[in-house]
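Here the chain labels run A, B, C, D and E in written order, and each chain numbers its own residues starting at 1.
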Amino acid sequence: MNRVKFGAWMIPVLFILLAAVPFVAQAMGEPFYVTFFARVLVYALAACALNLVLGFAGLVSFGHAMFIGLGCYAVGILSYYGISDGWLQLLTAVAVCALVGLVVGTVCLRTSGIGFIMITLAFAQMFYFLMVSMTTFGGDDGLNINEPSNFGLFELSGSTEVYWAAWAVLLAVTIFLARLKKSPFGMVLQATHINPRRVNAFGYSVFRVQLAAYVMSGVLTGLAGLLLANLTAFASPSYMSWPVSGELIVMLVIGGLGTITGPIVGAIAFLVMEEFFKGLTQHWMLIMGPVIVVIALVSKNGFAWLIRRREEPAPAPSAAPAAAPKVAAASAGESQ
Amino acid sequence: MNAIGLRTQDLVKRFGGLRATDGVTLEIEPGELHAIIGPNGAGKTTLINLLTGELRSDEGSIVLGGEEVSGTPVQQRVGMGLLRSYQITSIFDAFTVVENVCLAALRKKGVRWAVWKPMSSYGEVMEKARAIIAQCHLSDVADTVVSNLAYGQRRQLEVAMALAADPRILLLDEPMAGMSAAEGAAAIELLRSLKGRYTILLIEHDMNAVFSLADRISVLVYGKIVATGSIEEIRNHPEVRRAYLGDDADA
Amino acid sequence: MLSIQGLAAKYGSCQALFDIDMEVKRGEVVGLIGRNGMGRTTVINCLFGLLKPAAGSITFDGQALNGMAPYRVGRLGLSLVPEGRQIFPTLTVEENLIATSKRTDASAWTLEKIYGLFPRLKERRANLGTQLSGGEQQMLAIGRALMTNPRLLVLDEATEGLAPIVRAEIWSVLARLKQEGLTMIVVDKNTKALLRLSDRNFILDKGVTVWRGTSPELSDRPELIAQYVGV
Amino acid sequence: MNSSLFLSQLLNGVQLGVLLFLLSSGLTLIFGIMNFINLAHGSLYMVGAFIGAASYNASGSFIFAIAAAIIAAGLVGLLLEHLVARPLYRHDHLYQVLATFGLMMFFNELAIVIFGNRPYYAAIPSALDGAVTLFGSQYPLYRILIIAVGVAVALGAWYLIQKTRFGMLIRAGASNSPMVSVLGVNIDLLKKLLFMLGAGLAGLAGALAGPILSVQSGMGEPVLILALVVIVVGGIGSIRGALVAAMIIAVIDTLGRAYIPHMLGSFMQPASANAVGPAMASMLIYVLMALVLAFRPNGILTKR
Amino acid sequence: EVKVGFSGVLSGPMAALGQDQYDGFMLAVEQLGGKLGGQPVTVLREDDQLKPDVGAQIVQKFIERDKVDAIVGLGFSNVLMAETRRIKDSGVVALSTNAGPAPIAGKGCMANLFVMGWQNDGMSEAMGKYAKEQGYKNVYLMTSNYQAGKDKLAGFKRFYGGTIQNEVYTPLGQLDYAAEIAAVQSAKPDALFVFYPGGVGVNFVRQLNQAGLMGKLPFLSESLIDSNSLAALKQQAVGSIYGTPWAPVLDNPQNKKFVAGYEAKYKRPPTEYAVAAYDAAYLLDAAITKLGGKVSNKKAFAAAVKEAGSKFPTARGKFAFNTNNMPIQHYYAYEIVKNGDGVGYKQLSQVLTDHKDAYAAECKM
C-alpha cells in the first residue's frame, strides 16, 4: 500500500511506449506482436480492475475471472442472436457485471479473510459450470463470435482495433484509478484495509464502501472480457476457470499491489515471461512455478521493491510487537 | 457544536462466563470532564466499546443526549457526535498524519461519489485538519507517514483524529499511555483547553492527569462502579484506596 | 544467578529501555518498581527472548540469554506469569496446567500440589480458560508457571485487577513460595505489599534503573516512592 | 430408485467424504493453527498417489506403498514448510496463495517430467480387489477399506488433538504461541511436525485414491478445491468441522448427482432434465458453501 | 523450403495427446528424409495449454509472424473452434489431427481446413451400429456433461435406433463414478456405452472392474481405449469394446511401417492421435510433390491437399476427404483381449465402410 512517487511519470512513459508497439511491430514486419500485446493489455485491464479490490481494499477475490467470462458472453450471446451493436453489448456487459457484482459482493463481503477468498472462488466456479452446461451457447466447446462488436464509428474487427481500444480504455481506467486512489473514497477504501474498525468508528460504512469498490471492479473486469471476446472472436467457459483468477493475482503481485501502474507492468512481465519460458522448454512451468514462489517470497510491493522510495513502508503489522504477549493479549481484548 | 450528556442504566456485558461490565449506571453532564479509573481488566475499555456500539450490551440502556441509543449501530451514534480514541493505537499506518486527520474530518461530508477530486483539494477540510494538527503539536510531522512516528506522537494523533471528526462527546481511552512526561504534560494542557467545549469521558491510569483534569471521577472495579465523586471524595474513599489506589496510595 | 547489564530495547521506532542494570541472587525475591509504561514488562520481554535487546547483556547462571529463542530460555528454568494472564482460552484448566508442565525431581510441583495451593482451580478443573474469572485466571497463570518447576519465577502484575481478597491470597502464596526458597522477580503496582515480600528492589523510570536497594532502605524513603511510583 | 441402491449411493458418498476428510483435515489444521493457506496441499496428495503407485508396482506390498506415500508426502511437506511456508507465516494470505499457486504449477509439471504425461498405473492389491454384496448390490471391497481407514484416522486425529499433550500444545499454540514458547516448548518444531502430519494425511489420501482414480499430473486441483470448500464450510481449524463438512458435502454431491436428474425428470421432459440436472449437480456444493458462508460466515462448526 | 506450424496441448493433464500428435508427425517427416514434397521442412511447435485464447494467439503467430505454409494439430474442439476464424481469414492450409467438431463439418466448413482424424461422431456412430447388429435391446449411455459428450451420444443414437434405457450426463471433471456405476448395476441394461476420454476414462474402467461389472456387461466405448489408457489399465481393460478407424494391428504395409517406426523411435505404442498426424505429414508430402514445391498459392495448395486426400499412403488403408473436408474412412469394432500377461486387440467387425459423416449436406463450399 505504498504511495508510488514514480507513478507520476510512470503513466505517460508507459502508455507512450505501449502506443509505439503497433508501429514498431509494423516496422519489424511482425504484426503478431500487436495480437500478443493486445492480449497483454486486456489482462492488464483486468489486473487494474482487480487492483481496485485486492490492491486498495485488500480483498483477495479469487474469482475475478468470472467477470471476464461474463463480459465475453455478453458479446458472444448477443452476437449469437445476431446483435453485434457494440454499444448494446457494452451496456449489457456493464449491466450484467454490475448486477452480479452487487449480488455476489453482498454475500461475499459478509465474510473476510480465507472465507472471502473461498466464497469468491465458489461463485466463479458456479458460473463456470453454468456456462459449461449451456450447450445452446457451445457449452465447454465455447461460442464462436462471427460478427465483431460494431461501435458505429469503429469495429473491433482485428487485433489492431482491439489493441487501440484496449489501450484507450486502459489509459482511462489508469487515470481514473490514480485519481480515485487519492480521492476521499479511495482513501477510505484503503483505510478499510488497514483498520476497518476505526473506519466504522468514524461513521463510514465499511461494507458499503467495499461493495461499491467490488461492483466497480467487476464492471471494469467485464470490459476486459468484452475486449478479449473480440480479440479471440470467441467466448469460452475456460476464460473464467479458476487458474485465470490465480494468474490475475500473480500479475497484480508481480506489478505491485495498490500501485497505479503496477498491474500493467505485472501483466506485461507475467505474459512475456510465460512466452519466454515457453520458448525455452516444453516444461516451462518448472521455471514459471518457482519464479512465482520467489516473487511471493521477496515482493512486498511487486516491482515497487525494485524502485523503492527512501522511507521504508510500515513494518508488517504483525512483525515487531506481536511477539510480546502483552500485545497479543491486548489485541485479543480489543479486536472484535 | 454544543456538548451533549450521556447516561447509562444497569449496563451489562458478558464475555462467556466473565461479566466484563456488571450493571454500570453512570451520569455524565454535558460539558463535564468525567474520568474513569480502575485496575486493568476492570472493564473500562469494554464500557467504551459498549457506549460507541462496537460491542452490543447484553442488558441495560444507554441514553445519549436524551436519546436511547442502545442497540443502534456505530454509524448512528457517530452521527450524533460520539467519538472515541483507542487504547491500542489504531491509526492508518500507510497514510500521512494529514491524511489520517482528514479522513476523520471528512466524516460529516461522507465520501459518496467522491472518487475524482483528490482529498487534498477539499479546502475547508484541509484547513480544519491542519488547525487540529497544530493544536495537537503535530505540525512538524504533518506530512510524515504515521508508521514512522514515535509512539507518543502516535498517541497524540489518536486524539487528534477523534477531535477532527468534530465530536460533541469524546471518549478517550488512556490517551496518555506511553507518552513521555513532556508529551503527557502537553496532552494534559490540550485536554484542559478542550474542557467545557466537549463532554469528555477520560480513562487514564496516570493519576496526575486524572486529578488535575477531572470534574468528577468514577471508579470501576470488576465491571462495577464502586464510587463516583469529586477528586477529594475519591482520594479519600476507603474502598477505592483498597481496590485501586492501594492501601499506601499517597496521591 | 541472573544479571542484566546496560540493557536497551525498542518497539519498532519507540525506545522503551535505555539503560537497565540489575542482578538477582539465588533464593532471593527481587521487586521491579515503577509507574505504568516505565519498561518493566519490556525488561521481562527481553529476558524471555520475546523482544530482541537493542544493546546490553543478559546472563543466567553464566549463560548468555541475548537473542536466545524463548523456548530455550524456558528450558533453562525461567518461567513467567505474564501481564494480562494469557492463559490458553481453548484449553481446560487442567489442560492449561499439564500442557507445558515439566517434572524435574521428587520435590517437583504436581497437579495435586497446585490444587492444594488453589482449591478454587480444582473445582473449575473441567472449565475452559475463558470461563474463569479474572482472579481464577491469575491463579491458573501462576499454577501453570509453577508446573514447569522453574528455578526463577517472574511475575508481571500478578495481582493486577483482582479483588482485594484474591490479591491478599496471591500475596500469601508468593510468601509461601519464597519460604520454599524459590527465586522470583516480582512486578507489581502495590508497592507496600511488594516491599513486604521482596528482599531487594530496582526502580525503573523511563527505561532506566534509577535506584536499587533493599526493601527496608526503600521503605525508609517514601519520597522515592512518591517520586517514581506515587500514583 | 430402490432403497438398496440408495444405501449403496450413501456408502459411495461416505467413501468420497472420507477421502475429502483425509485431505481437508490436514489443510484445516495447517490453516487453523499456522494460519497458512496451502494450495499446494493438492500437490502433496498427488505426491502420495504417485509414490504410492510407484512403490506398490515396485515392491508389491500395499502396506509398504502406503507407508512410502505418507513418508514421502510428509518429507515434501517438511521441505515446503521450511522453504516456503515458514517465511510466509506472518504475511498476508495473499502471498501464501500466490506462493503455493506457483508450487502447484511446479509439482504438476514435475510429475509429467518424472512419470510422463500419461495416466500412471496404480493397481489394487488383489486381496482387496473385487466386490462384496451389500444391500443386495455389489460393492467394491477396496472402498470399504478406504472408509475404514478414514474412520480410523478421524478417531486418531481427534484423540491426538483432544487428548494428547501434543494436541494440547497445538491448541494452546493456536491461541497464543509466544506464551507456549515462553513456557519452554519449541513451538516452531511443533508447527513443523503438524505441517508434516497434514502433508502425510494428504499423501495417505492420495495413495488410497490412486487405485480408484487415475494417477496423473493435475489430479490434485479438483480435489483441492473440494477440500477448501470443506474446511471453509466446516469452520477453519476444526477437525470435527472438517469431518462433518466432508461427509455433508460428499453425500450431497453424490446423491445430488444420482437423483437430481430424476427429480427434474419427474416434472420436465427428460431431454432438458438431462441438460439441467448435471449442471445443478455440479453447482450444488458451491451453492451450499455460499449459503453456509452467507449465514454462518465462520462455518457450521466454528473452532472451539 | 516449407514451414509447418504444430499447435497442440503439450502441458498439463492432457499433454499426452498433443505429444502423440507431434511425435507421429515428426516420425513421418523423418521417414521422408526431413523433406515434404522434396522441400526441406521446418516444424515449429507451440503449446496451447488447452486454452482457447492461447490457441487463437498461436495460430495468429504462425500466420502473421512465422508465415507458415501449413498448420497441423489444432488441439481440442474448444481450442480449434477459437482458432477457426483466424484460419478462415488467412486461407492457410490447416490440418486438424485431433478434433472434428460438428460446426466445422457443417455450416462452418471451410476450403482450407481439413480434419485428419475423424468427425467427432464417427466412432460413436460405429458403436451405435455395432450395438444394433448385436441386437442389444436396451442400452445405457453415459458421458460428461459437455458439447462433445452430447454429440457422441447423438451419434450413437443415430445408428442404434433401439431403446435407450437411460442417458446420464455426469459433471465435467468428475473423478468418482461409483454412484453412476451403482445405478447402472441396478438398471441391468443389455449394454453400456460411454464416452470418457483420457484419465477420466481410466478411472471409469477401473471402477467398473471394482464393481465387478467388467465382463458381465457388454461395455462399449470410444476415445477411451488407446495405448495410453491401456498402459494404465492393463488387464482391467480386457473385455471392453470400442469403435475406431484405426488400430495398431490393422493390416496394411504403411501401418506396419508406422507402428514399427513409432515403437522403435519413441519406445511406446502409437495412438489414433499419432496416426492422424502421421498421415497428415504424408498427405502434405503428396500434395506438395504434386505442386512441384510451389506452396505460395494458398488456394492451389488447399485444392492439392484435398485431391491428394485419396492418393497418399495412409496407415488406415483407405482414406479420402468428403465434400466438407471430413474423412471418408472405415470404422471398426475392436475388443481388448487377454494376450499372455499383456493385452491384445481383436477386430470384431468392420462396422462402417467408407463412412461419411452426417453434416456434409449442411456444408456449402
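The rule is simple: a contact is a pair of C-beta atoms (placed from the backbone, for glycine too) under 8 Å apart; a residue touches a chain by one contact, two chains touch by 3 or more.
From a predicted model like this one, the values you see are computed outputs, not experimental measurements.
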Treat touching chains as neighbours: how many steps, at the fewest, connect chain A to chain D? 1
Suppose chain centres are the mean of their C-alpha atoms. Which chain sits farthest from chain A? C
Remotest chain, chain B as reference, centres from CA atoms: E
Roughly how far is chain B from chain C, going centre to centre by Cα mean, in whole Å? 31
Approximate Å spacing (C-alpha centroids) for the pair chain A, chain C: 52
Provide the C-alpha centroid distance between chain C and chain D, rounded to the nearest whole angstrom. 45
Just how far, in Å, is the C-alpha centre of chain E from the one of chain C? 77
Counting only residues that touch at least 2 other chains, which ones in chain A make the list? 129, 132-133, 135, 283-285, 315, 323-325, 328, 330, 333
What positions in chain E touch 2 or more of the other chains? 11, 145, 171-172
Using the touch rule from the top of the page, what residues of chain C touch 2 or more other chains? 11, 50, 82, 84, 86
In their shared complex, chain B is touched by residues of chain A numbered 1-3, 176, 179-180, 182-188, 190-191, 194-195, 197-205, 209, 311, 313-315, 317, 330-331, 333-334
With touch defined as at the start, can you tell me which chain C residues reach chain B in the complex? 11, 13-14, 35-37, 84, 127-128, 130-134, 157, 160-164, 189-193, 206, 222, 225-226, 230-231
Seen from chain A, its contact residues with chain D in the complex are 54, 58, 60, 62, 107-108, 110-115, 117-119, 121-123, 125-126, 129-130, 132-135, 242, 246, 249-250, 253, 257, 283-286, 288-293, 295-297, 299, 316, 318-319, 323-325, 328
In the complex, the residues of chain E that touch chain D are 11-13, 15-16, 19, 145, 167-176, 178-180, 182-183, 185-186, 198-200, 202-203, 206-207, 209-213, 228-229, 231-234
Complex interface listing, chain B residues touching chain A: 45, 52, 54, 74-75, 78-79, 83-84, 86-88, 90-95, 99, 102-104, 106-107, 109-120, 122, 145, 147-148, 165
